[in-house]
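Per-chain residue numbering starts at 1, and chain names A, B and C are given in the order in which the chains are listed.
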Amino acid sequence: MKNKQLPTDGNGFLNNPHYRAILFQVVALAAVIFCGFYFANNMFDNIASRGISTGFSFLNNTAGFGISQTLIHYDDGTSTFLDVFIIGLLNTLLVSVLGIIFASIIGLLLGVARLSSNYLVSKLALVYIETFRNIPILLQILFWYNVVLAALPSPRQSLSYLDSVYLNNRGLLLPEPIFESGSLAILIAFVIAVLSVIFLVRWSRKRHDETGQDFPIVKVSLAILVIAPCLVYFVAGQPISAEYPELKGFNFKGGLTIIPELLALLFALSIYTATYIAEAVRAGIESVPKGQKEAAKSLGLKDYVILTKVVLPQALRVIIPPVINQFLNLTKNSSLATAIGYPELVTLFSGTTLNQVGQAIEIILMTMAVYLVISILISLLLNWVNAKMAIKGR
Amino acid sequence: MAIYTMKEAKPAPTGNRGVIFWLRENLFPDVKNSLLTLACLYILYTIIPPLLNWMIFDATWTGTKEEIVNSGARWIFIVEKFDQFIYGFYPENLHWRPNLVAILSVAFFISLNVISNNKVKITIILLFPIVCYTLISGGWFGLEAVPTEKWGGLMLTVLVAAVGIIASFPIGIVLALGRQSDMPIVKTLCIGFIEFVRGVPLITILFMASVLLPLFFHDGIEFDKLLRALIGITLFQAAYIAEVVRGGLQAIPRGQYEASEALGLSYWQGMILVILPQALKISIPNLVGSFISLFKDTTLVLIIGLFDVLAMVTLTNSDTNWLGFEVEGYVFVTLIYWVCCFSMSQYSKSIERKFNTEH
Amino acid sequence: MKVTKLALLMGMTALVPTLSHADTLDDVMKKGVLNCGVSTGIPGFSAADSKGVWKGLDVDYCRAVASAVFGDASKVKYFPLTAKERFTALQSGEIDLLSRATTWTATRDTSLGLTFAGVNYYDGQGFLVSTKLGVSSAKELDGATFCIQAGTTTELNLTDYFKSNGMEYKAVTYDTSGQTIDGFKNGRCDAVTSDASQLYGLKLKMDDPASVVVLPEVISKEPLGPVVRQGDEKWFKIARWALYATLEAEELGVSSSNVDAMLKSENPGVKRLLGVTGQHGKDLGLKNDWAYQIVKQAGNYGEMFDKNVGKDSPVKIDRGLNKLWNQGGLMYSMPVR
């Protein structure tokens, strides 16, 4: 359309596609601006005529309600709505990150199982995938929460493992690590170990490129990562101890409690998203032409080498983009927690806070903005990965 | 002259055929796989028999609540509350109206495939939603009006999904064309809308539709709660349809665009007659996938207080005579969703296969 | 083509300001139906039965206002709202009246653009616990976990109570009262805390109502009442006097069963209330028989109470503070004169 010769015979302004395009755009823009103006105008009118408070000053007011899971310090007497916002955001991120980890592990296993030569394994994985991806995620969340929670015992009849891990209808209780002075040294040791592993990997790759000799990189790296912090742990005089949960009064005191809402949500999100990841993994591996594997085999490469050096590098290019999209979906789906009361952003902020403060516009816009930022960050990551993985002609 | 006679092929060696061969090849080829097979069999053994017992053999199908003796599922709850699961609060003596709409829908889809006259087709397409709406909502032709608060259950679920699918389709196509267009402002507007909607969870859009939408209009203009949810869902779905259609548009070879221009077709003629029919055809599997997501997402309307089929589980369980039947309710609703989504996804797969062979 | 479109747009722009007005009574009359915000299900206050018919004390108040406005109690459209939707629904004009067991607090009365029309139930926050817990006082609940409904004054009161008594607690917050009671049934928490009136209703929703007990402590004042938008005095007064009329009728002994006979009563108070003498209805912008219609169709306060939450209901709450002022309660109508 752009490169068309403009008619010169003066056949009218509207018959010139160039001007027509401009006119069309102006009309479209005017319509959008008009609608925006109309809505904003009404909104301000309504706010003014009804005496609704506006602005973000409510964020500094004291919240004054209890929250069942807080990752940062929260005092229901003095903390503000801004703290509530941050806590909600952190809880959203917590469940998303944990969900992404579990969903990836389950999804990977399922995807591989789906391609297994073992008939039963492959069909079981298929049944799993077809079952869980065709049930709405909200229904799964409600099911795990309402049905499984009801089946768990009360705190006094907790299921226990080694008297340190307990499972009851108040959640999963784990020993909580207590960091005393000197635990910083362990952290430092760990960071140094990670850095040296990165260095080692680069060195071994370079050596492999130059000499063709392999270095047992996985084993050595793991050894460094485990041994270095352990060594420092004992040298520093065992500065990390554990606090065990104990039954006192109505409930367990001490220890780390993972609330049932988080458990149910994680369970449902991981199981559901894993089905999509599994399909992506399967499609990715199947996308590698059969000839590649056969060629590798005829070169005499071992199965393990074929998988890591021939199949996976090509499959990952197909697998990663849809998987990252699924990560974004999982994060967005975590907002359904509002149905079971897990204190994440939508529950705490668009729910409780909205009701205490009543400023719907500000609160819903802030909530949407958070998800938009997350999704923009994930798209940027996706673009970066795509650019990085693009086939580079050598 | 020697005559060649066909000899019957010898059967494969006994070691390479039959059930045993299949088992050995697929289940027990080596030690590792044999162990895996045994583990799978064990998993099946722990899940299937108790599940079947609970669902079928030990279940209670008829009778009254007091007569339950079996330990399995108590399906009498579903039988008792069936009407509520399907119709919500829709007046009992008017159930024939949604039923009639269901029959009409089937007839509608058949007639679309049978009738070849385009004018008749378009008339039917335009008339069908009006007839359905009149039948369900009433208020005209002597039909008793049924306010939307009384709509519920599976009827509401299907209605929300159907309206979402149908209404979002044209909007989605326009958005996709806008995103592919050469006009910078239109393009920016479309990209902005699509990326915004795809970036936020549906629940926040539903919140916005249910809580904020009335603030955007003046007093005189009123929206039904259901209508607001429908607007939210339609806009949400339109953004996803737009992306699917864009995929289809991008897959159409450049030559097709050029050919349509060379024929002297205008932009819209070219799009409607040449490009879109091809683009939509190859997007059908993805469109169906998007419809499945929408169908599953309709459950979210319960969070803004509409009584879809899932919300009915909670509601029927607050009946003091029928407490503690959540499991049966959830399983029933699960089955409904699973059957619908699974058949849709199989349909999309069959279409995909059909396309694959055409090339 | 384009020119006509542009002209249309401009025409619409010019039209917009004329649409604005804020006379609720006028709107309601035009619509022919009263949009009343109620709960998604609080037994005794507002709950839909299995046929979808709304019943309860708050619902009867909506019916009373509809009787006063239209002379027809059935001209009400009920909007079931969750706790968090209720204020925006009223602010945005979706509903004309919020009658949803809403506590009258300073914040709500001032910063939300709302006005409380009065109190139709004096309540207080209490605790519901399982008898298995062996607790007889709220003071013994140190360290307990509570199920609460989101966005209520309950959350704030609980914090205050436990702070002032130097005790600790954990809160699990749910969106609706249904989820809250489910959480309690599933053992997610040791106790439910809510307005005492609602706890009696929740008790009925338990599989075995005898297995739970409402503790004696009442830790807060919860005056529940109907709410209207700020800035429409006329509508506010209708809402307020519809409530007073139900109280005044009870005080004067006028009920739905004897209201027709009472039209001939010699009692000047009854005459004024029922519009036989005086102009009170006209002054409110209604018909003069407004209070007659309220009592005839929705009943007086005592009838509403007994039928929905009191002695004739499954909930059976003692009238307590909600008796009339001359019987030792707090219910006091400003004189209709």
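FYI, a residue touches a chain if its C-beta (ideal position, glycine included) is under 8 Å from a C-beta of that chain, and two chains touch if they have at least 3 such contacts.
Note that the structure is predicted; figures quoted are calculated from it, not measured.
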item: Graph class of chain-chain contacts, one of line, ring, star, complete, other; value: complete
item: B-C compared against A-C, more contacting pairs; value: A-C
item: Intercentroid distance (Cα basis), subunit B paired with subunit A, Å; value: 26
item: Computed distance of Cα centres, subunit C from subunit B, in Å; value: 40
item: Between subunit C and subunit A, distance of the C-alpha-averaged centres to the nearest whole Å; value: 42
item: Junction residues of subunit B - those touching two or more other chains; value: 211-212, 215, 218, 303
item: Interface hub residues of subunit C, defined as touching at least two other chains; value: 16, 20, 22, 88, 91-93, 175, 179, 182
item: Subunit A: positions in contact with at least two other chains; value: 45-47, 146, 150, 338-339, 350, 354, 360
item: For the subunit C and subunit A complex, residues of the former touching the latter; value: 2, 5-6, 9, 12-13, 16, 20, 22, 83-84, 87-88, 91-93, 108, 111-113, 133, 141-146, 148, 150-152, 155-156, 158-160, 163, 169-175, 179, 182-183, 185-188, 190, 229-231
item: Residue numbers on subunit C that touch subunit B, as the complex places them; value: 16, 19-22, 27, 31, 40-41, 48, 50-52, 77-82, 85, 88-89, 91-94, 175, 178-179, 182, 204-207
item: Interfacial residue positions of subunit A with respect to subunit C in the complex; value: 14, 23, 27, 30-31, 34, 38, 41, 45-47, 49-53, 64-68, 76-77, 146, 149-150, 152, 154, 169-170, 248-251, 253, 259-261, 338-341, 343, 347, 350-352, 354-356, 358, 360
item: Residue ranges of subunit B touching subunit A (in the complex, touch as defined); value: 26-27, 29, 33, 36-37, 40-41, 43-44, 182-186, 189, 196, 198-204, 207-208, 211-212, 215-218, 267, 292, 296-300, 302-303, 310, 326-327, 330, 333-334, 337-338, 341-342, 345
item: Of subunit B, residues touching subunit C in the complex; value: 84, 88-89, 147, 149-150, 210-215, 218-223, 225, 303-305, 314-315, 318-320, 323-324
